[in-house]
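Shared between the two complexes below is chain A, which pairs with chain B and chain C, respectively.
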Partner chain A sequence: MTERQTVVVIGAGHNGLVCATYLARAGRKVLVVEAAAQPGGAAITREFAPGYRVSAVAHLLHLLDPVIERELALARHGLSYARSSLVNVSLSPGRPALSLDGGDVIAGEVSPADRSALQVHAARMQKFARVIARQHARVPPRLRFESWHDVLPAAAVALDIRLLGRKDMREFLRIATMNIYDVLEEQFEHAGIKGVLALDAVLGTRLGPRSGNSVYTALYRQSGSVNGRSGALALPQGGMGAVSNALVSAARIAGVEIRCGAQVEEIIVREGRATGVRLRNGEELRADRVVSNADPKTTLLRLLGARHLETEFARRVQQLRAVGTAAKLHLALSGRPQFRGLPAGLLGERLVIAPDLDYIESAFNPAKYGEFSAQPIMEVTLPSLHDASLAPAGHEVLSAVVQYAPYDLKGGWAAGKRPFLAAIMAVLEEHAPGIGALVQHAELLTPLDIEQQFGITGGHWHHGELALDQFMMLRPVAGAAQYATPVAGLYLCGAGCHPGGGIMGSAGRNAARVIAGGR
Partner chain B sequence: MLARDHFRQLVCETPFHPRTAALNQLNLWHRWRDHTVADAYFDVGMEYNAIRNSCAVFDLSPMTKHLITGPDALAYMNRLVTRDVAKIKPARVGYCVWCDDAGQVIDDGTIFHLREGVYRLCSQERQLDWLHSSALGFDVRIVEETNDVAGLAVQGPTSCAVLKSLGLAGIETLTPFGLRSFPFAGGTLEVSRTGYTGDLGYELWINPERALQLWDALFAAGADHGIRAIGTLALEMSRIEAGFIQAGVDFLPADRAVRVDRTRSPFELDLGRLVDFSKPNFTGRRALLEEQHRGSRYRLVRLDVEGNKPAKDAYIYDQRRTNVGVVTSSMWSPAAKASIALASVKMPWGAPGEELAAEIYYQKELKWNRFMARCRVVEGAFFDPPRRRATPAADR
Partner chain C sequence: MKYDAIVIGAGHNGLCNAAFLARAGLEVLVLESNSYVGGAAVSRELHPHWTYSNCSYVCGLLRPEIYRSLELARHGLQIVPYGGGVTFTRDGDILGGYLDKDLKRRELARHSARDADAYMRYGRDTMRQCRLIRSLLLRTPPDPSSLRWRDLREMMHVGKEFAKLGEAGIYDTMRFYTLSIADYLNEYFESDVVKANFAGSGIIGTALGVQSPGTAYVLLHHYMGDVDGQMGAWGFARGGMGAVSQALAAAVQAHGGEIKVDAPVARILTRGGRACGVALANGDEYYADTVVSNVDPKRTFLKLMDPGDLQPEFLARARNFKIRGSSGKLNIALDGLPDFPALGAGNPLISGDMHFLDSLERYERAYDDWKNGSWSKDPYLDLLMPSLTDPTMTPPGKHMMSVFVQYVPVKVNGHDWTDADREAFKQTVFDQIARYSPNFRSLVLHAEVRTPRELEAEVGLTEGNIFQGELTFDQLFFNRPFPGYAQYRAPVRGLYMCGSATHPGGGVMAAPGANAAREILRDLHRGSTVPEGWSDD
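== the complex of A and B ==
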């Protein structure tokens, strides 16, 4: 007779919940410990001003793995969409609003050449993004090639690329490591089109359009699907917390125990093996397996400690790039704002303030030197237009991702937050005159706030920069890319692992497969 | 610590240079870690004979030295090296190796446990970068102190007698790998019973300001005991006879290797005794554990070679003339009266007693000759006199 294997999962973020649920379904006894008062990590809906609720960090759902959605029956557990396919709207004062839905131009003055180029570009990027998407559900290959177990997964990646066909494979290999600026300049005339497409490449990263590897991040961004539509952007009914609520419900049904308000202080190691966790209150929780949804630096350097690792591996973890540049703005508005040149019917879409490539690059420049953008780029949504539960009647909530706000701001965020908010409001005022007068309350979360409130190193969405040197078998670092860490019994399941961040769940599902013993 | 402008001087002299320069009749020098040291002073054979028959003095000041202190010093050292440092008590010295994550040897050296929780690590190669990398997560202070400590090796059968004449009372009771302090010229002289010759011998450590005073007193004390300054060439002979390995010669430091199969693990250097798997973690542990299960790729062997021609850089063959390895160090050993060699051979070759062959090329009056010399794998040092370990040491 064997006893049931016990697992403790650190962090009830979405990947932790996904991992826990699959492990419970595989017969493990799973306890999830969460430092915050509620589960969900950075995927929560919370009240930021009396009567106004908003998705606290992530606000658009576009990468959630449909397989997980189906296998965990998230719809049955309450997940539904207020909107499942927002379109892009590029705002630029003095130019009619440009609206794009994939390869189609919905509104705006666009030349026939650009219209057909957009069709070609969108279709090709979609095809390439599917290559990336196919890797999401796979455990990354090892680069040891000592057995067929190592060679086959690597060969599968190569095959996916080869199956694009000769012409597209060549184009894929050509642009995969390029910067989005050059790729877009090759194809388009309209500054607004280039701005919108480039924004997708740099959102949530420490990249500008001219930074290498920004084509890869654009493909990554497009690699998900909602309701069978790839590259779609969705608003969950009730905000991002609804995703976590559905995951919590699925987890509990599967037998997972979730303890909130339980902050892990230390991963306990005995004789080189992780044997449990110690909570801040001193309580020790023993387990056969410890799985961490915390980011790799927090897990390995703070909770575990470099002394339990070997020198080169510890150094790789320390050098992992995880410096957030994305801030989150929440405005409680007493009425509907009016954006210049924007037809009223498009107010509820994804409003992009990135009028052209140089605007984005100029916004990025200060971030290189530890300064915030004087004229930031933004991804703006008004979720309350689709979801009345988020704001009092007649009032609205504005939720925006704002870049660039480097975590390591020169002079510190205590002094920098107020002028940055002023800079943001000045840009918004220019696009939506009078918006300032509607603001009842404003909440700005800098990467430092995100780090402090959600426990993510550097306040980085992806738990580590999404870049080719930190992807697949190099994510988070070589030696831990297959979810198992060098310390026996300790695993990672968060966004710091392949395939990365965004509300996705794939890292949690892949990790569960490794832990449960089947690749 | 090094002065901030230390780089302006490309090659430094050691604190003993005024004396070694005066003695160096051959004017033969080379660079050791950017310090000028003597290859030989007068005659390599006579210098070698001083090691084995009287008392030889070697300037080892350029030896890389690091001082490691702080609350986590022991934990840090134990994570750094493969052996259990807790077993090296205060006032003791231990030989050790350290590896990269792949279990490949970066360097070998000696740990001096100076006082409770205070360690000095001596090594052939510069290690500051690796030592600092390894310090992540440990509360330790690492100070490079190569130029703050001058060192002399005093080796040979009369070395104890010389030190006694120098006034180091009770030195004969110092056990091998023991460490003791003596007052000297108003300061402190640290003496360890260590060396690189495989003979009775000591290493003396002193503040560079008192270096010349020590040299003069030592040579005065040794005048009646055959004391002689020796260079690197004679030391090299004695270390091969002792079967000791040298970084960069018998193995390539792992941090310098580009090609994957050029490095060696401690097991592959016959240093398995220095690997302690009872420690839950040290750098290289996982890889070495795996190696222990899967088997090593190479083996370091000591060879007794037929004839009197040194088997320099010779290929090693088995009975079927398959190339199985290469000689890394070789010499005619006056003490063993044999041609001896250290070699790295592929597994499974090189078991003790196995007969192999060395392909030796040698020149006679500009004509090259080839000689397939039979050789036999022997165990232990080629020369290992009882006086090396005898305590109390012979002091007359």
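== the complex of A and C ==
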């Protein structure tokens, strides 16, 4: 090779930036093109009302790969945490708030049986989550079984499961496809414990607690670590944009060029090979490799076009389930809200409105028919309590993930947004009387808004359901799960690939390894 | 009195198990609490001159290897295939599942040309899954946590069967096992009624909705059988499902086995940590070194055994076993053949299954009712008139209707079923049928209403679950009934399980009984009399 290999990365989301940085470090000449005016994709901090700033989509950091954090020296590039271990608080108007930190009960009345069951459950889930975590940094194996080269990676996965030991292995194989409802009912009496633990199994998915495979989502959520503490939840100082800023800084130091305001219109294919991209303004950028951080449907069906794909493969991409059901609520508050039964010291924690399993299941039911929850479940945070940079003095920001809000709402979101916001506010008012009077400004991002503002198909912030039929070698679809697409020179590096969504960066790092490895 | 083996429960699996044990030369005693054999596979005269298959009602899963090996034909079992099936739509149309391939294709095309094309792919892909699972039915599941040669060899066998699928086939299979039936069907079809027509097989007998992941697999429990070598076909046992049990019982007796009815077992006896016999409710005791339970695991371990004989952890497993009642049944004696105007006169589809849900949404809402503690207000019905195929079931000119109903809860809004509930439930079902058959109500002579309560009380199935345990992956294959106990052995030596709660699960398949017999004979160092493997004719 006389000239340096050139790579164009579509999208400056966190995975695109990670991928670009590793490729630049591996000696490639890398250009990242981003449609938005600023890099970061859905991991940005933005002003949603004068003086109030908030993490626009993802608001809690819990999956960022510590290896990437270290290798890219993100701390040196400005990433720090306002809080690195939020605890869970289950809110219910009828009982004192229950607060859990992993397997420990910090506040609330819990029976001794539940207390010890919680210890056992948390430790076991943590152990199982480590099996999943171990897969994050691996390129998913292909199940060809033609040579040892194929068998070994698959055997490594089997070995991870076997190393759990006989008893835990059996339990892992039993619960891996179960629903969280049954698993929790087997162990706990306290409705609040079950509610708060079930939330992790359904957040960001189109599943209810009684839906099979929801245990997997719960394990997935716990598979990360912050500051060496597994399963922890963190608030980056300055909001989620701080992660992207650090990644941008690391990328630039590595020699990556980033162009914002450059929307890719098409991936150029010549003689069956991706040779570059065409921007909306008509400009063509040539490259030896094209890497897309856009979601798989956008990349393969819109930017590339199904005509370049084999029918069977195109069909699989079309069938990829990526219908968002989570909405994001931002409130600019003129003061601190007071939640019923919540000690003031816990206001800044992760407040969970999912009082029991049936409440969550009932919230889920309408989503099956394209309706929003009349009584939604919520994950509420008040980041400004830990980070004064987000709101004017004495004022606060409330940031909440709200479910269920199906992307394909019957009657459309233009008509549905206002009544949904009213339903959300009614639930909040019930838990925090008087909160409505504090609201200076409210922003509700429905999945449709997320799609339009961040270019993610279906507004699904994991770029595709995190479900067992779409994981590892099946993510996003068989035939593209090893980051290379069937079109030579075209790769995927986003959350639609293994290991999936959440601000993690592993997909970007794995993709870079495949591309730099020249496979 | 001492026997070589005692089988508790004369359900089809218990009888099948006893037959294979007797054939190996064991002195076998089968004890049945009811006054008739068969468990849930029975024919009963509950209205003068009308014979009801009052629980299970069609036959298609019975393993042909067992049928041949136990010579069930010689013992009087005859399976008559029946044709087609139909889904009625609310706007007065139908989707007919004609047996004739061209007719079926044309019928699908009438609703959606695209779906008619997709049906080819659907059939091919689904049958591929059937073939894989059929290769595992008459085998003992391996314990994946074990390093014993036998388990490793069996794991290799499973691995090889998977590898045969090819890379793309493996991925399809992995997805298939975790998808919901709705997602699976959405991948092929666009028309509501076409999807609805196929969806029923994903939820029959389970406490899951069409959108619940894992229901695509349940489909196989309705597709993996065959009648006369035709895979996926269904038939009637001539004389009702009791004919299956009668033939199995005859096989037991032909090999010298003994069957006692009206002999409810109250306790499994143990001595020195191993099973040694059973005690009946009337105090009689029978002894044997091998005790086999055809009863579900909850009853076996939580009711028939002394908790002191089992580890607390194992008892917790039994308590947590998911065995949820979700189905009901109506058996109706009719004065004549009801009209179904949407079918038109002389349509052969009238002798097949009839269904009345025409969209996935209606299925899912039916499930929501069950989740909320009530029977479905717009239920899924699988309606058949077996008397059209088998005239021995009713007096000439009269008919009987078998109506399977999904979903029906064990308790209604938390309280036990009352007579008023039962009546209201019956009316719900009648209303749905009458909507498509105006003269139906006027023909009803007698209707037997069966909720999970009756099924539990009469057949002894906990919560009236027809599969003796949910068919979700946490309770399938090496997890069925519990991880570590899928090889038919209970934790107490000499005690075995042979019911549908063991691999490969429910349906009148008789494979669990046969597999358990193989393991028992192995422990007794006897040659196996059980057919192994599988023949795909």
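As a convention for this text, the second predicted complex is superposed on the first by the 516 of 519 C-alpha atoms of A that agree within 3 Å, B and C clash if a C-alpha of one lies under 4 Å from a C-alpha of the other, contacts with A are read in each partner's own complex, and residues count from 1 in each chain.
The definition used in the following text is that a residue touches a chain if its C-beta (ideal position, glycine included) is under 8 Å from a C-beta of that chain, and two chains touch if they have at least 3 such contacts.
Predicted model, so just to flag it, every value in this text is computed and none were measured.
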{"item": "First, second, both or neither for A:Ile175, with chain B first and chain C second", "value": "second"}
{"item": "Partner chain in contact with A:Leu233 - chain B first, chain C second, else both or neither", "value": "neither"}
{"item": "Partner chain in contact with A:Glu271 - chain B first, chain C second, else both or neither", "value": "first"}
{"item": "First (chain B), second (chain C), both or neither touched by A:Glu310", "value": "first"}
{"item": "Touched partner set for A:Leu143, first chain B, second chain C, both or neither", "value": "second"}
{"item": "Touched partner set for A:Leu301, first chain B, second chain C, both or neither", "value": "first"}
{"item": "Per-residue contact with chain A, leading partner among chain C and chain B", "value": "C"}
{"item": "First (chain B), second (chain C), both or neither touched by A:Val89", "value": "neither"}
{"item": "Set intersection of chain A contacts, chain C complex versus chain B complex", "value": "none"}
{"item": "Touch list for chain C against partner chain A, complex", "value": "144-145, 163, 167-168, 170-172, 174-175, 177-180, 183, 186-187, 208, 211-214, 316, 320, 322, 361, 364-365, 368, 371, 472-474, 478-479, 483-484"}
{"item": "Contacting residues of chain A [partner chain B, same complex]", "value": "269-272, 301, 305-315, 318, 479, 486"}
{"item": "Sites on chain B touched by chain A in the complex", "value": "72, 75-76, 79-80, 100-101, 130, 133-134, 136-138, 280-286"}
{"item": "Complex interface listing, chain A residues touching chain C", "value": "142-145, 162, 166, 169-171, 173-179, 182, 186, 207, 210-213, 319, 321, 361, 365, 368-369, 467-469, 473-474, 478"}
